[in-house]
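Order as written gives the chain letters A, B, C, D, E and F; numbering starts at 1 within each chain.
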Amino acid sequence: MTKERMVYINGDMVPENEAKISIFDSAVLIGDAVLETTRTFNHKLFRWTEHRNRLLRSINGARLNFDLTPKELDEVTQEFLLANLPTLAPGDEGGVGHLISRGRMGLVLPTTTTTFVMYFFPLSRGLSKKAIYYEKGCHVVTPATRHMHPLTVDPKIKYRSRLHFSLADEEARLVDPEAIPLMLDHQGNLTEGTGWNFFLVCRGELLTASERNILQGVSRMTTIELARGLGLTVKEQDLQSYHAVTADEAFITSTGMCVMPVTRFNGQLVGDGKPGKLTLDLMNRWKEHVDFDFVAHAKRFT
Amino acid sequence: MTKERMVYINGDMVPENEAKISIFDSAVLIGDAVLETTRTFNHKLFRWTEHRNRLLRSINGARLNFDLTPKELDEVTQEFLLANLPTLAPGDEGGVGHLISRGRMGLVLPTTTTTFVMYFFPLSRGLSKKAIYYEKGCHVVTPATRHMHPLTVDPKIKYRSRLHFSLADEEARLVDPEAIPLMLDHQGNLTEGTGWNFFLVCRGELLTASERNILQGVSRMTTIELARGLGLTVKEQDLQSYHAVTADEAFITSTGMCVMPVTRFNGQLVGDGKPGKLTLDLMNRWKEHVDFDFVAHAKRFT
Amino acid sequence: MTKERMVYINGDMVPENEAKISIFDSAVLIGDAVLETTRTFNHKLFRWTEHRNRLLRSINGARLNFDLTPKELDEVTQEFLLANLPTLAPGDEGGVGHLISRGRMGLVLPTTTTTFVMYFFPLSRGLSKKAIYYEKGCHVVTPATRHMHPLTVDPKIKYRSRLHFSLADEEARLVDPEAIPLMLDHQGNLTEGTGWNFFLVCRGELLTASERNILQGVSRMTTIELARGLGLTVKEQDLQSYHAVTADEAFITSTGMCVMPVTRFNGQLVGDGKPGKLTLDLMNRWKEHVDFDFVAHAKRFT
Amino acid sequence: MTKERMVYINGDMVPENEAKISIFDSAVLIGDAVLETTRTFNHKLFRWTEHRNRLLRSINGARLNFDLTPKELDEVTQEFLLANLPTLAPGDEGGVGHLISRGRMGLVLPTTTTTFVMYFFPLSRGLSKKAIYYEKGCHVVTPATRHMHPLTVDPKIKYRSRLHFSLADEEARLVDPEAIPLMLDHQGNLTEGTGWNFFLVCRGELLTASERNILQGVSRMTTIELARGLGLTVKEQDLQSYHAVTADEAFITSTGMCVMPVTRFNGQLVGDGKPGKLTLDLMNRWKEHVDFDFVAHAKRFT
Amino acid sequence: MTKERMVYINGDMVPENEAKISIFDSAVLIGDAVLETTRTFNHKLFRWTEHRNRLLRSINGARLNFDLTPKELDEVTQEFLLANLPTLAPGDEGGVGHLISRGRMGLVLPTTTTTFVMYFFPLSRGLSKKAIYYEKGCHVVTPATRHMHPLTVDPKIKYRSRLHFSLADEEARLVDPEAIPLMLDHQGNLTEGTGWNFFLVCRGELLTASERNILQGVSRMTTIELARGLGLTVKEQDLQSYHAVTADEAFITSTGMCVMPVTRFNGQLVGDGKPGKLTLDLMNRWKEHVDFDFVAHAKRFT
Amino acid sequence: MTKERMVYINGDMVPENEAKISIFDSAVLIGDAVLETTRTFNHKLFRWTEHRNRLLRSINGARLNFDLTPKELDEVTQEFLLANLPTLAPGDEGGVGHLISRGRMGLVLPTTTTTFVMYFFPLSRGLSKKAIYYEKGCHVVTPATRHMHPLTVDPKIKYRSRLHFSLADEEARLVDPEAIPLMLDHQGNLTEGTGWNFFLVCRGELLTASERNILQGVSRMTTIELARGLGLTVKEQDLQSYHAVTADEAFITSTGMCVMPVTRFNGQLVGDGKPGKLTLDLMNRWKEHVDFDFVAHAKRFT
């Protein structure tokens, strides 16, 4: 890895260490920005079109300005990916992050209309710490902090105003330093984690929160498709903590982890406390679907 | 004004144009930061101790790390102010902004524990556009976007995850390009604007939202004290839009504007559509209290 | 009583039996109208200015058009009263009702901008049936139907879209044909009846719902003033059914009934099931205040 | 058109100009009435049985008295229609409105048990102003006023207590004089307009609000049937504003307009800002289904 | 019936009259216990495995300790049943109740970890009073008391903290001494009764509340299966009182009553006020399914 | 301590070990009972009249039957106390618990109308474990479980259906085995613990939850009186977790502990993490008020 990772800022490629934006940018002053995160399998972006369309929906939902056409966005993203792929260690995969803010605010300097940033990261970095959980399963905890109300910022927008994600993280760690938070909505339904969706297996059916107050996860949708392909009934519905502590199996899905077993919920075992059979089946189907062993990948970099 | 405005970033003084932070800072990636804004009257910070204590409460409320003692924070702030005061045009006053984030996130570069930024801005810049409203009064509009629910991030924390402020601004402008948004809470009560508190005069009493879901505004508290000094009854209570459209007078308070009349609400006149008598009385009391004519100041720089 | 009661419709005086409005009026087609009801004591309107101001606030709150100045409204109302007072039986008192609608809708006929109706009624007619309750007290029941949410139509507006009042009446009568309904709000707090406010005496204090989701009753405010004059502590706060079934006394206030004891609540006795001592004291203070024995008046016409 | 349009009031046929009801009717005093509106295609009532059954459900839901049997209601309605059809201009169609109130209230005159009114209107009158929107699409705005809570009056009842409809209309016009309001429910979900239902096309699927807090629209159900006939997936679910601003297409359905494209939502374009392909397909299917070109009809009378 | 009914308490068989637990048990002091009720048809437990699994889910949901394996629980239950069956009168059937509490609390005596009680009752005792309703149908009333919020104790747990059931019963009886209560949830949706689920027949479809805030009733699920077997569409969805008063038929399901017609709802007739045709069909399918005429059984013991 | 503690059950005095009630009692089967707990200082009941009145209010609120007059209840309670006081160790104090249930349910045995139990406990038993916290302060944690909604069972009733108290306890212990739970209400406001009220000292003022959804605590009211006697401002208002983590001091009040400092809240220090000065002042005022050193008492029995 002799090449240096580069960051894209408003058309410029900048070395990662020097990738900075003005403190007067709306992203800094008021968290006024949206994002997208896409990963590669075998160095190809996974379902890029779906990610790109969701990003455009986030831009619309947040009433942001963005001048690139979908085609231009595809090209600049692809170009950015190719420039950074050579920085990956052998066997590793990469993630591309997009950030679109409303631009610099006019507090002292002239306003600008949009800030567009792309960054690249080796997936191994975040996943290596998580490899162990593919075997023992995660501990999911519902924090006191509630998920963003759709009337404030709709969670279907992938927005960056996420101080509550940090609060949720801290609160989950009060219960268990290894725990990860699953936020409830304001009626007490399970929603999503700080970057992942949640699934339960209850009496042979796959249950997951409806899209009302969660991000429309691409890995979530992939999982639903694969599950239906296996003949499973998948229900998108309101779920409560009761469902989790009485489920047979549980798992989470995310861009980075794909499918990750959950074996504890608020301190109680899920099922027998081991990754479930259907969960393992779905992990295998995922591996075939993306032609990539994401578990082996995570372990290799541990 | 030969001197250049400087920004303080983690101990360094940086020219404003070069004041940037890493795109991997939690402030950028997830809006995970708190803030404070304080202004000068006659080049002295107004009620700094109250602002500083509120900043420390925000840090606690957001579970952030911050190593400076209150005394050190006082000193570094004072020093920063003195360094920037000479950049002000004659007759102008300044604002000091604080930003404390959780620091750089470990996506690719090593994490850091806290980012501490201070910036300085001439108040004339923002106020000059508002001078006219001291005479004709503002138009306040309640946007569709609801204020942050206290169970997500308590509005008593002065946090930077404020994408909803931008949405509220845009929605208010749909009604009137000059309108400013007053957000409702999730039960439909009036809360606060995107940086200001709201007061009504109803049958001789001063009414304002209770502290349940608003920032504990320093200018708000100053106004309450001054009003009580004038013998007025001040009630902090749940208010609805009905109160505003049937009020005799209305005004807003903020660090920059101090007291600003409101003469229209959701397209309807407040009272007779002119700044009210009690409002003008309070503006005069304010001017005496701070020994500064903030209306003349704003007009001078128009 | 040789004279005929007259109704005022958009400037015309019409005999009661012929007092009709177009079925295309917004009052008929969509209940789009506000109202006010004022009564006389000794043939003088009680607190007319307060009623008139509330009517003007209702007009504003409902975004209706109304061209008369307050002074013109005073005059036309006074004139209307004088024209109808001679129709009263000896010893009786009268009520004046105002109705302001948005006018005829343009479904088939041309639109008009406002419909303004005043009607007159002898108070004895409604009160004679209620006289008995001054002695045995009313039975108040909380119906299933919830009070109008302030985000739909603020109950501080005295509006005519009151189908839910009829539903509440019917539901209360399911429990007891003599019962009258006290609606709860959407959080379960006690609000008001279908035309009256509710008071409790709990351990020496007078408790009543805050103005958040009730009409700002003139008789309610009169009662609060009289109670404070008697040295009582009066608290306006959220109340639940618990307060009523554990109260020492209860009563209601309204334009017609002034103060009326309540002795049963949802089938349970309030206190010892008889009108309370403080209630009777307040009734006496009322009689002095208005220089009129409203109980004797009701009984006389039984 | 030499004949005069007649109104039916409690068994009498009255010329439109003289069609009035007592100001003491519960419809006038408290908006205590239900309604139904049905239209003709080619001079035949469209799905009358469904409209009639819904009217009977509204009567039940509002606990109103109504003595006619379904068969008698059919007959009197048909008779009323036939009497009025000759008043239509050539090529025009008609609408029949039903109003059932609880009858005259006993404030001064004796009570009556039910008021039953039918009126007739040429559809051209209302539609001619809307013809242009079949081509450019409507602008839908979500007003501050929330839809009636089902615990106050269930929106599945077609009730006349609709002051909030007027408030919603006025608020929408603040944004755009041509805009029409789509009310949110108290959780922030999209419900319905002031007389129409709302549909979205999102990634090939047709989405519309579930029946929880909207009227069970006959045109809505017709549209769902036709869409399913075209092989489309139709989902009745909770929808938020996000869905509308990220949809590919949007339209509304109502008795008068049948299907009408929507091209703007809260100031943002829906899709590319032009009536969508699927919307146009459904409009064509509707025309076939009712054997009537409702667009041409509206344009003819512009 | 010469044998005496016995109660099982922590491993001991005790005569019913002497079946007592310490007043310091958590079941007594804080209602901290879960339950299950199962019945026999032809002296065999109906769907025991489903009941047992639900009991285990309740134990998990309530974070109780319970040491028996499912197999041991099966055996001890079966043994208990067999010991008590001989106490039944000829032709009668029995019910088995399970109670699991957190054990004795340490207020004065040493704590214990679990209290496990089983009791037995002849079904005829409770059903004989209900036999008449199989013919005339029940009167269902929605009480003021709301169902337990899932964030307090999830109604999917069959818990014993049911003071609100008693309140609901008393309130329903205020309307009609024979009425039984159907609780609403905090949004106003129909949930369940004090031990039974509720079904409606609306235009040929079977509607029942979704599992969000009701017990996952075994008889409810049996009914859904049988209805689907008859080719009926069954929808689990949010329902409001409107659905009940406009339904064609209604009925309830419970362990003891199986299927019981409902003919009145809040004082209004459901359909024509007689048990509906589909209801009777389902009752017949039930009788076949369980090979037992539960109506005849109830009548025999009247 | 040669005497044996006795329990009162429906008129009988029973040795503690044999104090049992039928498993068919409504307290056991459905937690249908209310309670009261009173303690002695110097072997005299503290504010018995207030406790007794609250018990009578609970009985009313729960629609229970209770035949004793207040005077009889006073006598039987006093008699019971005197019988048990001799069982106390030297220097110890006692607690008296009352339980009133709806009586035995008619599942198999005949119904009874009321069950009335009194029990006695040495306060040292529970307090000895808590003595250490008078010095280091408690750790208060807000659990996921929400407090009972007033529309289900009003928390102003001291009821025994408290499974949610156990859930809250377990959840608090997930964070810290020593932590105690402070439940939030359904809007996210702080309410009360599982038997205690909560106070904060914020900038010199004493803040505590309003009585809307908490028990009307006798120790709470005593503390408010003492604080006002010290010249402190006491505010009863909605409080959020923000208030606790930014408070200067915090403490709880209960019958057993009187006043107990709180030094941690959800893992964060309150103030400087030590019992606060005003808290200590109030503890001293309490000791004077009750003429008893409750801290020394607790320590003596450690």
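We adopt the following convention: a contact is a pair of C-beta atoms (placed from the backbone, for glycine too) under 8 Å apart; a residue touches a chain by one contact, two chains touch by 3 or more.
Note that this is a predicted model, so its numbers are computed, not measured.
Note on connectivity: the fewest chain-to-chain touch steps from chain B to chain E number 2. At the far end from chain F, in terms of centres built from Cα atoms, lies D.
For C-E, the equivalent interface within A-F, D-E or A-D is the one where over half of the contact pairs agree by residue number, namely A-F. At the interface between chain D and chain E, under half of the residue numbers appear on both sides, which makes the contact a different-residue one. In terms of their C-alpha centroids, the spacing between chain B and chain F amounts to 43 Å. Distance between chain centres (mean CA atoms), chain E to chain F: 33 Å.
Each of the following residues of chain F touches two or more other chains: 63, 144, 146, 149, 151, 188, 241. Each chain pair that touches appears in this list: A-B, A-D, A-E, A-F, B-C, B-D, B-F, C-D, C-E, C-F, D-E, E-F. Residues of chain D touching chain E in their complex: 57, 60-61, 63, 149-151, 154, 156-157, 210, 212.
Residues 5, 7, 9, 16-17, 19-33, 35, 62-63, 97, 99, 102, 106-109, 117, 119, 121-122, 125-126, 144-149, 151-153, 159-167, 170, 186 of chain C touch chain D in their complex.
Contact residues of chain F toward chain B in the complex are 188, 237-238, 240-242, 245-246, 268. Chain B contributes residues 141-142, 144, 146, 171, 174-176, 184, 188, 241, 266-267 to its touches with chain D in the complex.
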